[in-house]
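Okay, here's the structure, questions in a sec.
We just call them A, B and C in the order they show up, numbering each chain from 1.
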Amino acid sequence: MERHFDGELMDLKKDLMQMAAFVQDAIANSLEALRTLSKEEALEIIDDDKKIDEWELKIDEECLELLALRQPMAVDLRFITMAMKISTDLERMADLAVDIAQRVLDLADKPLLKPLVDIPKLSQLAQLVIKNVIEAFVKKDPGLAGKVILLDKEADKLRNQVQGELIEYMAKDGTTTSRAVPLLLIARHLERICDHATNIAEDVIYMVQAKVVKHHPEELS
Amino acid sequence: MRKDITQKIGFSFLFICMAITMLFLVGIILFVTSKGLKVISWEFLTQAPRNAMTAGGVAPAIVGTFYLTLIAILFALPLGLACAIYLCEYSPKGAIVNILRISINNLAGVPSVVFGLFGLAVFVKFFKFGVSMLSGGLSLGILVLPLIISATQEALQAVPYSIREASLALGATKWQTIKKVVLPSALPGIITGVILSIGRVAGETAPILFTAAAFYLKGYPKSIFSEVMALPYHIYALMTEGAHPDKQTAIAYGCSLILLLLVLSVSFIAIIIRQKQRSKCYGL
Amino acid sequence: MGYKVRIRVENVDFYYGCVQALKSINMDIFSNQVTAIIGPSGCGKSTFIRLLNRMNELIVNSTVAGNIYLDGEDIFDSRIDPVDIRRRIGMVFQKPNPFPKSIFENISYGLEVNGIKDRYYIEERVVSSLKKAVLWNEVKDRLKESALKLSGGQQQRLCIARCLAVEPEVILFDEPCASLDPISTAKIEELILELKKDYTIVIVTHNMQQAARVSDYTAFFLLGELIEVGETHNIFTAPKDKKTEAYITGRFG
């Protein structure tokens, strides 16, 4: 039986997808700005963040209304409550893109430290993880979400590597600090982006299967 | 506009019918009262007849009617109540109940003179009660039995099933439910049945013709095996066998008036009882 | 958890004539818990609940198969008196059905038919039942008045008090709020939550939100079968059966 409510749920899903698309773009743009060290691009990213904040508020309000007015149960209830959490994680990811843009501003006038192999690797991983988790959400695929969660370990490893290298650099040559620290922070930002994507993946699994894997990695079969 | 006029015509027609009916009713009352009032006196009501039914009173007939009614109701009420309770509450639903119901309705259609003959054969002759208050009362009782059964059945069926369910759900047996819940609720309806029965019994002539009634008795009945005078029979006898029509016609009207008043006052008392019962149960 | 099983339903089938109304029902009803029975119209939930206090056998031409155990005793055993079962398992009906008697007499009735004659005891029980049903304050000055003068919500609470007076072990509610306004409904739901401390409660309701608010266990019936039964919070957040989910999300029925 087609319900009016199904239309509203579809609208909520579309809104989340739209917000996710904006966040995906913001992150891609920030990594592009990092590659080109472009001040203009970085400033644009910082400016665009307001739009994403508005989307979070819009989705939160939508969810609240649906809870109050439709008394959702079971799968609908799980979807709406998880939608609220996913929008929060998406907004944090966008904030991290802004942080990366800030670091680009810090680095813009300085010579590059060294062709850092690992930060691009980490960037690629972050973008892959975001793409996969959004797909898992859209397709309601818990298997794909599970893979995203497993990739988080990779992200942690890469960040530690970058951290280690940069600390070595700074130890050897104190003048590199003003260039090394932003890079170190960027690595952290990218790892945090992966963490938020992991959160979203856990929410997707709960939404589809009612299985709680949050804080219980052993549940991931 | 057509609909409106049609409605007005319809209502007017109904009103006219109602008026005609009321006319008959009022007419009878006025007629009987006007012709009978002049003989009513204290003597009339309390003294026995004298002088070959041309003087004195009709007290024995009043008393006789009262006793006959009493016996009839005492016989028919418990029996009728029990039958109705059985039919309504205990009998298995189906063909048997329907046959029983039809039979009872047929009993109601039997002409009253047949009850008289039946009473003569069974009570007067077979049981050897003789022509007596007992035979007459019992014959009248059988006459009125279907009436009581029908009225009681309807009253019982009007009690909603939900009340019975409520009682059973508390751990009451079926009989407890009937005794303590259904019967008290049905009482107003049962009382109505009794009122109608009393009216019927008091006024019936044919059943008591052969079984109870006498025209001229010296005194009041000594026992249930004595003959009795009765108002309806007295009226009949005065009008058909009386030797002095000039005086006796008036007496006949006097008896009619008494009979009418008797039945009306019984109705009135029963209505009061019913109203009190209703307000106790339903708070109306 | 540790609630003991009060009523155990084992392989119960029920027929109206030749029509099978209940198929192979198996479930447990726990002490001092509220078990809600939900399902679309005609699914057999009223039929089921009326089986528990043997009210259904008053309908001619019905057959039961299977066992229902109350505290381990089979209620259909020939040595058991159904009248006694009905005292131990009380029922509150969909439409309030107080007797056309006074408020006091409505409640003392149950005690009288169960043989209690002591006037002081009866009075005490009437008062305590009315208090338990949260009706005492509203009627204490008019116990002799007809029960039919009360409002719908008050009448239903009177019926609950009437049921409590005979000290049942289990109370069955058959859509008790179906004919009541929202405020009366809320009062009765609060009452049910209080009553479960002392009684085992089974409630049939077509209102899912009510089942969600009031019950600890929920059983979903469909076309005479028990589809799923479980703890209420699980049924309403993550039901196991697709049919249950379709029903509670309103996708059918």
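Basically, contacts are C-beta pairs under 8 Å (C-beta built on N, C-alpha and C of every residue); 3 or more make two chains touch, one makes a residue touch a chain.
Quick caveat, the model's predicted, so the values are computed rather than measured.
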Mutual neighbours - chains that touch chain A and chain B alike: C
Chain whose mean Cα position lies farthest from chain B: A
Innermost chain, taking as reference the mean of every protein Cα atom displayed: C
Rounded Å distance between chain A and chain B, as computed from the means of their C-alpha atoms: 95
CA centroid of chain B to CA centroid of chain C, Å: 48
Chain A-chain C separation of Cα centroids, rounded to whole Å: 52
Residues within chain C bordering two or more other chains: none
Partner chain C, residues of chain A touching it in the complex: 1, 3, 5, 71-78, 210
Touching residues on chain B, where the partner in the complex is chain C: 92-93, 160, 162-163, 165-173, 176, 180-181, 184-185, 279-283
Sites on chain C touched by chain B in the complex: 53, 55, 58, 60, 83-84, 86-88, 90-91, 93, 95, 97-102, 109-110, 112-114, 145-149, 159, 162-163, 166
Residues of chain C defined as touching chain A within the complex: 208-209, 212, 236-239, 245, 248-252
